[in-house]
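The letters A, B and C name the chains in turn, as written, and every chain counts its residues from 1.
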C-alpha cells in the first residue's frame, strides 16, 4: 500500500479514531447515532469514522443493527418508517439537514438481493439515475452507461445485449448491474448490504475483486455476516452487537488482536 | 456558501412535479368520497320523510292517496332472496367443495373457467336466461323465475369463495384428521369445512347482499306486483323494482317513497355487510 | 384396532396404513375406497356438472330463442341502425354504440382518479388512514345500481342540466361533443354515473396490484436518488399489466350495467357525437322493452342483443382476469 507523506497529527488522529494509518481523509462520520423502529431501539449511541477511499466492513451476528446503521448513512432507514437521532456527516455536512434525494445521489447503495428494474433493459437500468437527475444527451448517456458497466466488470458480458431485460441475466450479473446502476450517478460513497450473500462463490469472488478495484475511486462501507470476507476486502472493521458498536479499528488488528472480549468471541466463532 | 449537497434547477423541477402529482393523488381520494357522501346524504334526507312503521306493514296506496307502505315489496325481496339462495347456495357450495377437494384436473379447470365466465354475466342477461328457462314454460311471470335469475348471479361468487376458503385451511388439519383414522370425506366435512365455515358464511352473506340489490333480472321474471303475494308461481313485488317504478312515476309523493325504499334497501345491505365484518373480525381475533 | 394392539402383533400406530405389516383379519377396511368417500365425491361432482351444464344450457337457450332474429337479419343486425318494432326492422348498432361510448367515457373519467386513489392508498397513506379509506371506497361498490339510478335522476341530472352543460355549451358549444340542448339526461350523465360505479373496482384492484410490487423495487429507485414520485412512477411501470387488468374489469362492469344507465341516458336509439344527446345501451333496451315486446321477432331480436352483450362481457372479463392474475400471481 502506498504511504503518502502525512502530517504527524493526522496520523495520530487517525490512529486514535481507530483508522488504519493509510487513511488520509474522513469521508463520513457518524456521531452518537441512535436508531428506532417505533419504540424499539435498534442502535445505541454509535460513533465511527469512514475513511475516504477505503473499505469499512461492518460485522456482527444477526439482528445486531449493522444493516440499520448502514441505512442511516444514506437515509434509507426512514423509508421503512424508522427514526433516528444523532449526526451523520458527509464531508463535514449533516445528511439529515438536507433533502434525502440529494444525499442519496452521493451515497449509493447496493442491496442484499439484486433488484434490477424488471421492466427495463440493461441499458435503461444503468441509465435511469442519469435520466432522472439531468437532461443528459444521448451520446453522453451511452458513454456513461459503458463506463459504469466497465467499472462494475460487467461490460464485456453484456455489451452486445444491452437491450435485454434487466432480469434476464444471472444473479451475479444482476448484482453487478445494480452496482453499475449505482455507479452511474457518480456517488462518492457506496454502501453495500451483504452484497454477495445471495450469490454463489464464483460470483462472490467477482464482487470482492470488484470492491478492491472500486475503492480506488470510491469509499465503500460493506455489511457482511461473512467474517472471512470482511477480513479479505476491508481496511477497517466495525463490530456491532445488540445495536452497539463494540469495537472499531484496523481490520488486521480486529482479526488478530481484538481489544474487547466480545469481539474475540465473535471472531473465533464462539457465538453468532 | 458552497455546500456539499448542491441542489440544481432540475432538482427543484423534479421536486415540484413530484409534489403536484402527489397532491393530485391525495385529492383523487377526496374526490372519490364525494359521491359516496352525496348518495348517503340524499338517500337519508329524502328517504327519511316516509320512514315510519306504516312503510313496513302497509300495502301501497293508489295514486293520490297519502300514506301506505311497501310491505309487499319488502316481503317480496325476502322471498326472492330466499328462493335464489335455496337454489344457488347448495349448487355453489358443493361445486366449491368439489373444486377444492377433487378439482385439480382438466375437468376441474373447465368448471373453474366456466364459473369465471358465469361471474361475468351481466345481471340483465341472467334475467333473459331465467325468462327462457322458467317464464316461457310456465307461460307467466313468477317469483320462481326471479329466484332462478338471482341464483344464476349467486352461484359463481359462492363457488369461488367456498373453494378459496377451503383451500386456505392448512393442510396439516387435514393430515391430522386422516392420521386419526377418520375417512377422507368425514375429514373434509367435519374438520376442513368446519374450519372454513366462517369464511364460507362471509361469501354467502356477500352474495346475498348483492342479489338483494338487483333489479334488472327481476324486470321480466318476477315482474312486480301491487298486491300482496308470496307464492312462487305468481309475480311478486320487490324493493328494487318498487324503487324503479316509483322513481319513474310523475308523482312527487311516489318519488319520495322511492327514496325511502332505497334507504330501507341500503339498511338491509349494510346489516348484512356489517355481519360479515363482525364474523371475520371475531374469527381473526381468535387466531 | 384395540384387538390388534392387545395381540401385540402391531405396535400402537396412530394411523392406518402405517409402517407395520397388518394381519389380514385385523384390518377393518380393505385398501379400496370407503363408501362415504365415493358418495361424497360423486355428490359434489354432480353439482359441478350442474354448473357446467347450466352455462351450456344458457348459451343454447339464448341461441335458440334468438334464432328467428339471427336468421332474418344475419350480420346486418350488427350494422343496422334502425330499431323499428312497428316495421319489425331491428338493428343493434345504436345500442352497441351506446354501450361502448358510455363505458369508455366512464373509463376516461374513472381511470385517472382510480390511479390517483390507488397510488395514494398504496404508496402515500399511513396505515391508520389507508384502511378506513379503502373501506369507504369499497362501500361505493356495494351500493345497488338502482340507488345510483335514483340519485342519478334526482340529483346528478338536474345538476348537470344546470351547472355543467350550460357552461360547456356556452364556451365550447361549437365542438361536436358539446353540441345540442342541455337536457341533463344523455351520454354525459351516463358516463358520469358509470364512472362513479366502476371507480371502486379499478381503484381497489390497482391498489392491490401496486402493493404486490416488492419493497425492494422502491428501495432500489430511492437509493439512486429518485424522488418519491419518481419512485412511484417506476412502481406503476412494474404494475402496468395488473392495472390494465383492473381497468378491463371496470370496463366489463360498465358494459353490463343496466339500471343506473337506463335511468339517466335518455333511452333513444341515436348515434351521436355529442355528449349532450341521449343514447341507448344494449342492457337498457332489453330492460325497457322486454316486457313490451309483443311479437316473437321482437323478443328474439332483444335476446340476440343479450347474447351480444354476453359475448362482449365475457371477452373483456377473460382478458382482465388474465392480466390481473399474472400481475398478482403468488404475491397475494
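Assorted remarks:
Basically, a contact is a pair of C-beta atoms (placed from the backbone, for glycine too) under 8 Å apart; a residue touches a chain by one contact, two chains touch by 3 or more.
In this text the structure is predicted, and so the values were computed from the model without any measurement.
Two chain pairs are in question, B-C and A-B; the one with more C-beta pairs in contact is B-C.
Set against the Cα centre of subunit B, the chain with the most distant centre is A.
Distance from each chain's C-alpha mean to the overall C-alpha mean is smallest for C.
A straight line joining the Cα centres of subunit A and subunit C is 49 Å long. Computed centre separation for the pair subunit B/subunit C is 14 angstrom, with centres defined by C-alpha atoms. Between subunit A and subunit B the centroid-to-centroid distance comes to 54 Å (mean Cα coordinates, whole Å).
Under the contact definition stated at the top, the residues of subunit B that touch 2 or more other chains are 14-15. Shared contact sites, meaning residues of subunit C that touch two or more other chains, fall at 227, 230. Of all residues in subunit A, those that touch two or more other chains are 101-102, 132-133. Looking at the complex, you find that subunit A touches subunit C at residues 74, 76, 79, 101-102, 104-105, 108-109, 111, 113, 115-120, 128-129, 132-133, 178, 181-182, 184-185. Subunit C makes touch with subunit A in their complex at residues 214, 216-227, 230, 234, 237-238, 240. For subunit A in complex with subunit B, the touching residues are 90-93, 95, 98-99, 101-103, 106, 132-135. Those residues of subunit B whose C-beta lies close enough to touch subunit C in the complex are 14-15, 17-19, 21-22, 24-29, 31-33, 35-36, 38-39, 42-43, 46, 90-91, 94-95, 97-99, 101-103, 107-108, 110-111, 114-125, 127-129, 131-133, 152, 155, 159, 178-181, 183-186, 188-189, 209, 212-216, 219-220, 223, 240, 243-244, 247-248, 255, 258-259, 262, 265-266, 269, 273.
Within the complex formed with subunit B, the residues of subunit C that make contact are 1, 14-16, 34, 36-37, 39-41, 43-48, 50-52, 54-55, 57-58, 61-62, 65, 112-117, 119-121, 124-125, 133, 136-137, 139-140, 142-151, 153-155, 196, 199-200, 203, 227-230, 232, 252, 255-259, 263, 283, 286-287, 290-291, 302-303, 306, 309-310, 313-314, 316-318, 321.
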